[in-house]
Amino acid sequence: MILRLGQIELFVTDLNKSKEFYVDVLGFIEVERTESSLYLRAIDEFDRYSLILTEKPFAALGSFGLRVSSPEYLEVLKKKHEEMGIKTEYSLDSIHPGKGPTLKVAEPNGHPVEFYHSMEQISVGNQNGGVDALPMRYSHLHRGIPPICIDHMNLRVPNVDKALDYWEEIGFSISEYVQDGDEKFAAWTRAKTSTHDVALVKHSEASLHHIAYIVDGVAGVVRTADLLADAGYRDSVEYGPGRHGVTNAFFLYVRDPDGHRIEIYSGDYKRDTDLTPIGWTKEEYDQKGRLWWGPTVPERFFETTAINPEWMKSVVKR
Amino acid sequence: MILRLGQIELFVTDLNKSKEFYVDVLGFIEVERTESSLYLRAIDEFDRYSLILTEKPFAALGSFGLRVSSPEYLEVLKKKHEEMGIKTEYSLDSIHPGKGPTLKVAEPNGHPVEFYHSMEQISVGNQNGGVDALPMRYSHLHRGIPPICIDHMNLRVPNVDKALDYWEEIGFSISEYVQDGDEKFAAWTRAKTSTHDVALVKHSEASLHHIAYIVDGVAGVVRTADLLADAGYRDSVEYGPGRHGVTNAFFLYVRDPDGHRIEIYSGDYKRDTDLTPIGWTKEEYDQKGRLWWGPTVPERFFETTAINPEWMKSVVKR
Amino acid sequence: MILRLGQIELFVTDLNKSKEFYVDVLGFIEVERTESSLYLRAIDEFDRYSLILTEKPFAALGSFGLRVSSPEYLEVLKKKHEEMGIKTEYSLDSIHPGKGPTLKVAEPNGHPVEFYHSMEQISVGNQNGGVDALPMRYSHLHRGIPPICIDHMNLRVPNVDKALDYWEEIGFSISEYVQDGDEKFAAWTRAKTSTHDVALVKHSEASLHHIAYIVDGVAGVVRTADLLADAGYRDSVEYGPGRHGVTNAFFLYVRDPDGHRIEIYSGDYKRDTDLTPIGWTKEEYDQKGRLWWGPTVPERFFETTAINPEWMKSVVKR
Amino acid sequence: MILRLGQIELFVTDLNKSKEFYVDVLGFIEVERTESSLYLRAIDEFDRYSLILTEKPFAALGSFGLRVSSPEYLEVLKKKHEEMGIKTEYSLDSIHPGKGPTLKVAEPNGHPVEFYHSMEQISVGNQNGGVDALPMRYSHLHRGIPPICIDHMNLRVPNVDKALDYWEEIGFSISEYVQDGDEKFAAWTRAKTSTHDVALVKHSEASLHHIAYIVDGVAGVVRTADLLADAGYRDSVEYGPGRHGVTNAFFLYVRDPDGHRIEIYSGDYKRDTDLTPIGWTKEEYDQKGRLWWGPTVPERFFETTAINPEWMKSVVKR
């Protein structure tokens, strides 16, 4: 089965600027840097990296990776996609270091999804594991917020119900949703037991709204804004802090040097994925769901990021 | 000498509504209730109360009290005010319980100031003091945020420089100020070593902008907004959370049922009062001083509260 | 499949005393009280209750419940236990309110395990779910720590390897373990992605060491000790706060009026359950695994609680 | 008048080792390093430095500095000491950078006290002060805990009542004390409004027990232990975390590479210095005053540090 969102690749236009923002200020750990990509990890992650920043002439969502429970499950997913009439691309190895076979698909709205099982685990101690095996046990080396772990993607799609047909088919379930008359305005879906791995929100075109990392409580969220303003990135603090009604998250939205939006996030809940989702009407959502309390939403919060235009094609070419 | 801001009296129009807001939701401790007034304390305060809510047909700033270091110092202040040509009114006892002699004055802009020395201390333990003497040692009985202690007043005055003549004369010093050409736009002044007991900001008429209580860190500030929204007071969350550049405070402004503004506050610094104040130009203040980072200031944040129209007169009459 | 630890029943000797400790001081929410039992919930839980305190002439671990993904999976588990030669007892309904069919087994060491799927969900809002559906959205009514959600059990068993045969057979996997020569001294096993639902530690006899609830970060853990000392339960603060090397938990162990040990807990990590467990040698564990840092372990920390002597029998009789 | 404790000089035996501990792990800011001394600052301090580590063949308390409200007050203190028959030594400038005239005295028990008024203020921004003037506004450069500001000294003296004669004479007042029959076992005294600048506790010989720095709340205190254990200084975590009844402080005691004890400290209260002190009997103190709750005090916690053997003499010689 699919376990969780495990990785995100963003296209950025200047790796050095991105490095300053993500590593020097926010405190992502730089794991490796190649000519074109920067590989980053949050402090509680055992995977060698969870965020890939790849230099391109344009900014876009490169792709995102969903980890599955076994190598064999990639085969199951391949078949399932064929049954849905969706083309897939299986590669024995990834262009990214430490990663095993991947199955690439374009989700019906064009979102660039990659399924994978095998990912190199960090080895920070003795072979045995033991005393040095916990990644978070290096607090004296940490800086910035620091981010704790990857959490979710918020995708925009023209038709949420149609998108749900796909996501439910591959095993995601809904934690909360917004019903707008006959159609769904939004749905928070997940493989893991938190409120979402992938949120789907209605928008004129398929695009990325934000990615999200979890930090240490309310203080970690607020610290993010302090860090950015202190380091001269005051305009990167886009929206918040505030509390979402849906998911109960305490949030701050920040924009990286390319305009990619990152939600710095704390406080959602865990719930078994088989239980009845929580439904909001559009009116309830507009009143309290989007914002349990908090400042008015600024206009630029509705901007989104384009999707990798070369997905699928690109696999062969680059 | 003057030690600090110690007490505030607000006129409110419905004591029951005020009680729900301050006691049931925010977690002020109800100390005593008379026919007309509610006496409240924050959890770390040794004074029997610091906030008095008095029912009147109209909302206003009733008065605020500055504690002085000895009974004799009231005499010194009396003389000092006479030299400044300011009328004073000395009373042997207060209409409020547990309070000793007071010296009432109308500050040159009309702000209702009361000087006092003697104030009943809470007695929660054995006579000796001892194991039960610390007010904060009752956490199992606390609720709400809870507020920790009174901090400051933010007053509006038509002319900040003139107001400063008075406040510096009685011994306050400036921690930070905003210079707008030939005149000061604002000044944060204090008797104690934190950034302010009394802030003075230019405005068309003398009025109260807000009172402030300190809470436990960033989490306490954010918890305030959650408490209010959860209890149905979502519209009371007026502005914030955000960070002021001036004073470095992490703030949330909330409005009580009468529209009185309370700043829920954490994070300013201590500094010896004899040191050179920090100056901001008006441009610096508008850029970063008011808001180091945070949401746009909403229009209603510029509303202010009227001052007690019966101050001085009222002492005799009521 | 098995999803997680969902419920614990403790036998206590005085329900009123237990109520004071769990509800009035620690802040568990009282959901229902029958003649013999008190049903409690933590604030982020959607299940109607997670802790049952049942009055008995003696204190013991009554049972603990593991939630499974479907009603049908109870059948699968029944068969699996029969294949292991373990007697099971299936009941269509529980003696506890709001609970569906249960499958009771005595784990090979005698630990009283109950599998269930259906559990009443709290309904705090409109039928739809919507604005009032999130249990945590009642902060103005909360008190005490408050506890956030149930996390795990720490069981003592005479032979950890043998116990593991059972727990791995029913689908649990190991997150961390301590190897002592040829045998395992301890293993942390789980169905969910946190470090454990059930920890198994070697001890002369099968017994309960502690149950654990998650609270809000480091401040929540420390607040627990303050609450207990302030309310006159100073001796209930048994051990900590400190940091475990294994699991990275920040902990405080407290004892209820019957001596049941509760770990107040924050800070372990999430990891996919299919990944290689982290191994510690007994030497590593004694040096840093048990205690990454913290005070010396007091002698009484090694005391354990007896198991329900009437389990299985009791189902019929009571 | 005397304002507060402003500076401490510790003699250490290896500046490089001290630098690793204080700067690299705990996060003190290195301000300047000379051949013999390392000058350190905490993040909210406007004084250029508050801690001086000076390399010597032996570890000891070098001296501690109390800031006074004006240069003239040094003269007042000189006279006051002469009246008490205590020798003083006035120097126009200090051997330490940025410091004005000092008045050195040996307190009756031999403790090395230095009074001073003028101390260089950090200048991190424009001449005006303004946007860059707040020292804490550099969070992106901070690391470690970090420490926020200097707080107090805990001194050991053979006779607390006699020591109090001196400290009260120079204007300190008692916040809390422990009465043991006819004599005081301990007294917390201060110039500022927090619970202490100088604590005096009975001990066989005059010596230093600990110095204390304030950090950001409970989380900052616990983070200190994590940082030390993660960086390989596990044995430096001597005692705590726990809560003192006296002062209400949440504490952790750590030992530097020379064995100097630093209290990492959060949570005491503010109170006007003219109010009646809180008294504890020795029995109350032993029960709850020392430890409101917390782990048993380890034996090595009673070790103390020697006082500068060359004080007064040394001024001339070095």
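In order of appearance the chains are A, B, C and D, and numbering begins at 1 in each one.
Criterion: a contact is a pair of C-beta atoms (placed from the backbone, for glycine too) under 8 Å apart; a residue touches a chain by one contact, two chains touch by 3 or more.
Molecules present, by chain and UniProt name: A, B, C, D = 3,4-dihydroxyphenylacetate 2,3-dioxygenase.
Here the structure is a predicted model, which means the values were calculated and not measured.
Same-residue interface: subunit B and subunit C share over half of the residue numbers found at their contact.
Annotation: A-C is the more contact-rich of the chain pairs A-B and A-C, by number of C-beta pairs in contact.
Each chain gets a centre from the mean of its Cα atoms; for subunit A and subunit B, those two points are 45 Å apart.
For this pair, subunit B with subunit C, the centres built from the Cα atoms lie 47 Å apart.
Rounded to whole angstrom, the centroid-to-centroid distance between subunit A and subunit C, based on C-alpha atoms, equals 32 Å. Contacts with at least two other chains are made by residues 137, 217, 219, 223, 226, 288, 292 of subunit B. Of all the residues in subunit D, the ones that touch subunit C in their complex are 217-219, 222-223, 225-226, 228-229, 234, 237, 239-241, 243, 250, 288, 292-296, 298.
By the touch criterion stated above, subunit D contacts subunit A in their complex at residues 24-25, 137-140, 143-144, 219, 223, 226-227, 230-231. Put simply, subunit D touches subunit B in their complex at residues 3-4, 44, 46, 67, 69-70, 121, 128-131, 133-134, 136-137, 149, 176, 192-193, 216-217, 245, 248, 269-272, 274-281, 284, 287-289, 292.
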